[in-house]
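Shared chain: subunit A. Partners: subunit B in the first complex, subunit C in the second.
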Partner chain A sequence: MLKRIAIEKISQLAAVLMEKGTLLAPVKEVAGHNFVQILDSQKVDLNFYNTLMSPKSAFFPHKEDFVKYKVGKPLAEAEPVLLNCKPAFLFGVRPCDVKSFEIMDIHFNAAGIIDPYWRARREATTIFGYAYDISQPVDSADFYNTLGINAADPEGSDIFMVKKDKELLLKTITPKGEKLLAELSALDKVSTADEKYFEEYIKKGKEYKTRFNCVDSEVVAKKLESIFDNTDFWTKMSAVCLSCGICTFVCPTCYCFDICDDNMFGKGTRSRVWDACMFTDFTLEASGHNPRTQVYQRLRQKVCHKYSYHIRKYGVISCVGCGRCTRQCPVNIDIYSIIEAALKA
Partner chain B sequence: MTDFKKIEEKLKTEAKRLLESGEVTVVLCYGKGFDESHPMPYAAKAVADVDNIVFNEYCNYNMARYLVRYPQGTKIAIAVKAADSRAVIVLIQEEKVKRENLVILGIPVQGMKNPKTGEVIDSKTTCGMNNPVLFDILLGEEVHGPKVASPYDVLAEYEKMDKDVRWEFWVKELDKCIRCYACRKACPMCYCDPCFIDQSKPKWADKAPQSAGNMMYHLTRFHHLAGRCIDCGECSRACPVDIPLYLFHKKVAKDCEEMFNQQAGMSMDDKLVLVNFRVEDSDKILE
Partner chain C sequence: MSNNPYIPMPVQIAKIIDEVDTHDIKTFRFSFLNKEDEQNFKYMPGQFAELSIYGKGESPIGIASSPTQQGFVEFTVQRAGAIVPGLVTSALHDMSEGGEIGIRGPMGNSWPIEFLEKKNIVVVGGGFAFTTLRSLINYMLHKENRSRFGEITVIYGARTPGLLLYKDELAAWEKRDDIKTVITVDKGDETWKGRQGFVPAVCKEVAPSPKNTVTVICGPPIMIKFTLPVFFELGFSKENILTSLEMRMKCGIGKCGRCNVGYKYVCNDGPVFSLAQLEELPRDF
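Let's look at the complex of A and B:
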């Protein structure tokens, strides 16, 4: 099913979705756009390239409370924090970010233990993918082509949207999307020209080029394994890395977390909070020993985890080439350039 | 206007000479990034590295940040712009580096730009100075022009706020913080190992980016930098969520100047205000 709506009427669509559940959509904030729960339908703003933070927090929030308890009381009195999942709509997700959910599913919804929080949110959410505007130049930090993703890739979305001048075309991809779109009264019917435009756009999306590195995941995994001990290489790559956590926090596929107890005046909360392998205390052990005290060890871990260990374990690269880490890095370290250099090392 | 190409050439020549003669083992400067508007900080360690050196309007990094990474005694050449040279002075005063181990390559410059926004970096977010305070070799002509605006002008609005409004302002701004710690990592004066916020015994604040912990982290960091911040603006540029950290640092710097008649890193002869007791010092701080 294909429908359309004028972009200036987007707040009407937002209002309808807000009645049905929780709407998460891009909103312009001081430093850039971010996915935010919409409380005022006028705030939805599709005039963005990509969001500053990735949309992973829709399913995996920065902080997630698990249990509330009282210090010194029996375990039975502790109260689990129940997840009250209303239907949710994640609106305007770029194709590379949609792809990231599939990678994150491996960790939270497939391999071994299933994370009930991730799964519940994921099932309750309908994803509105949104093609990059192929009439605009590509950002120099992006490299999603390298990971086999293109600018107008509908795969993974429930509903996929493309921009046509001042209008938005919405196409259903999954039965979930089909069901939802049929219920949305705010949308208009399309013409055959619109249908043709949509198909053309998807085709043209494949020709819209980001930076491209011919990465064979097996080759890169093997190469990184072979240079693990090449301290000179990693020291050079990390010579100016500040070892802050920006790259991992903005990354759509970084999923490391810490379980924290926060208690004051006898009342406590146990929660899950994002952690970053770039932090010194990430690997600090209870004994006081820290196996990764050097910046090069931490940067090597980040790069090798994404481009080597993850391939070995799950068969896919844990990166979607969205370019956020490169764009936000205070010293312009570029993971794509590190892979390029590694292949030559 | 600054001739960036000319400075780049001089930087390359000096780096080559210093590395070739063995006078230094590393030259802290600026290098090629993934494209022209995204240069990187760079540590040139061999003559072959010199080709990678660049200097353009986006090279706003404060290389003094990297000085403490090298073992004491390492001979280092460092490229500094105005604020960066002030950072070097403070690091020398705090005995993190020795003057005799440094070759300071001064870069007088005007019109640096923030690569994220393209805005010209001026006295709004930095000290706004053009000429390095301390250097051994100057890589360009000193900038003499109309007097730069006071770095404290930007505080006009901020100072109009009363105590409660100011508190609300910071609560709102610091609520944005995602606790990536880029501000402290980009800061040349933040070299504590471990930083108080990383300690687990005692744990000073929780890890989650929530109001109370964010306040604890930032207010402590602000005060740890009192009388030491040299107003390079790196923390604010590094911040992914654009918290105007410079406002607090500038306010404290202004207070220090008014009370102790001294700016951090402006003279090798000064002692840092908070480690120096003089009988005639202002008591305003106790009021």
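Let's look at the complex of A and C:
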């Protein structure tokens, strides 16, 4: 099913979705756009390239409360925080970010013990993917083509959206999307020209090129394994790294977390919060031993985790080439330049 | 494990044993408050669990009791705090019998019992790192299990006699004829009548035959470093030397991304590895 809506009427669609559940959509904030829960339908703003933070927080929030407890009281009195999973709509997600959900699904929702929080949020959410504007130049940090993702790839979205001049075309991809779109009153019927435009756009998306060529993940994984002990290489790559961890926080596929107890006046909450392998105490053991005291060891861990260990464990690279880590690194470290250098090392 | 793997099950401290003369290592015997939790907590020697105290946090600790012991589960815990705050272990050490904490688990793989069956087993332990080895020894010595294993040799060392764990059990094992127990201390005192010497030297002296034999070794890195060459010289292959790794952990279920060594998560894929398996991993531990 294909429908359309004028972009200036997008707040009407937002209002309908807000009635049905929680709407998360791009909003212009001081430093740039971010996905936030929409409380005012007028705030939805699709005039963005990509958000500063990835949309992973829709399923894996920065802080997820597990349980509320009273310090020193029996465990039976502690109250697990139950997820209020009413339907949610994640609106305007770029194809590379949609792909990140599939990668995270393997970790949280398929392999070994299932993470109940990720699963519950994921199942309750309908994803509105949104093609990059291929009439505009690609950002120089992006390299999603390298990972086999294109600018207008509808795969993984429930509903996929394409911009046509001052209108938005919405195409259903999954039965979940089909069901929802049929219920939305704010949408208009499309013409044959619209249908043709949509199909053409999807085709043209494949030709829209980001930097770098496709890589063979097995070749990269093996190469990284072979240069693990090349301390000179990793020292050179990490020479300017500040260990600030921003690359991991903005990353759509970084999932490391800490579990913290936060107490006040005899009451407390146990939560998980995002953590980062770039921090010195991330691997500090109770004995005092720390296998990664040096910056190069931590940067090596991050790069090897994404481009080697994750392939060995789950069969896929844990990166979608969204370019956020490169754009937002305060000292211009570019993960893909590291991969290129590694292949030549 | 309950439906939500992050929510601990309540247990009560049934017994506390002050193990060493420095009073910083205690064995805690826990009984489950819910019968259902006890039935679900099926473990094997070598596994660990997260001990959980609301308001303090969680610590991953190896299970020191054997699954052949019914009705309780034991953990031997050292009070941390010299380098890290040691909030959980300190709080636990300050608790009394009857106190209540939480537990999540069991977690990780275990000593590979099927692989060990019909083989001679040499257990080498040093200092505090004897807890899951004790679990394994008691498992193998259980009357229903003893015949499944060949000769059992235990070589256990501590810095001083007062730092030896499980003293009553060590004495009981020494009296048995179906286990060879060799206890050593780095430095004895006026009352110590036993052996003196470092674990590597004692291993050399005991010189177990590598024929159909597996060595299971846990101890401080310095002990492992000097003991492994002894076993290589005796002819043990890397496949037949097993150890248990430590890494900082949080979730214990392979999700939080903290304890990886290469593509293996120590909490899920380990903590037990053979030297041959470790050799395939990057030196990142």
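Here is the rule we go by: the second predicted complex is superposed on the first by the 343 of 345 C-alpha atoms of A that agree within 3 Å, B and C clash if a C-alpha of one lies under 4 Å from a C-alpha of the other, contacts with A are read in each partner's own complex, and residues count from 1 in each chain.
Here, a residue touches a chain if its C-beta (ideal position, glycine included) is under 8 Å from a C-beta of that chain, and two chains touch if they have at least 3 such contacts.
Owing to the predicted nature of the structure, the values given are computational and were not obtained by experimental measurement.
By the touch criterion defined above, A:T326 reaches subunit B but does not reach subunit C.
Which of subunit B and subunit C touches more residues of subunit A: that partner is C. When the shared chain is aligned, subunit C comes close enough to touch A:Y255, but subunit B does not.
Contacts of A:T174 after superposition: neither subunit B nor subunit C is touched.
In the superposition on chain A, A:V273 contacts subunit B only, with no contact to subunit C.
Of the two partner chains placed by superposition, A:Q294 touches none, neither subunit B nor subunit C. Of the two partner chains placed by the overlay, neither subunit B nor subunit C lies in contact with A:S11.
Using the contact criterion defined above for the overlaid structures, shared-chain residue A:S217 touches neither subunit B nor subunit C, since it reaches no partner. On subunit A, the surface patch touched by subunit B in one complex and by subunit C in the other comprises residues 258, 260, 275, 284. Against subunit B, in their complex, subunit A makes its touches with residues 29-31, 52-53, 62-63, 140-141, 239-240, 242-246, 249-250, 258, 260, 262, 271, 273, 275-276, 279-281, 284, 326, 328, 330-334, 336-337.
On the side of subunit C, the complex with subunit A involves touching residues 1, 3-10, 33, 54-59, 80, 82-84, 86, 89, 100-102, 221, 246-248, 250-251, 253-258, 260, 262-263, 268, 282-285. Taken together, the subunit A residues at the contact with subunit C in this complex read 66-67, 69-76, 78, 80, 107-108, 111-113, 115-116, 225, 228-229, 255-261, 263, 268, 270, 272, 275, 277, 282-289, 291-292, 297, 301, 304-305, 308-310, 312-313.
Remark: subunit B residues 33-35, 38-43, 61, 65-66, 115, 176, 178-182, 185-186, 194, 198, 200, 206-210, 234, 237-242 touch subunit A in the complex.
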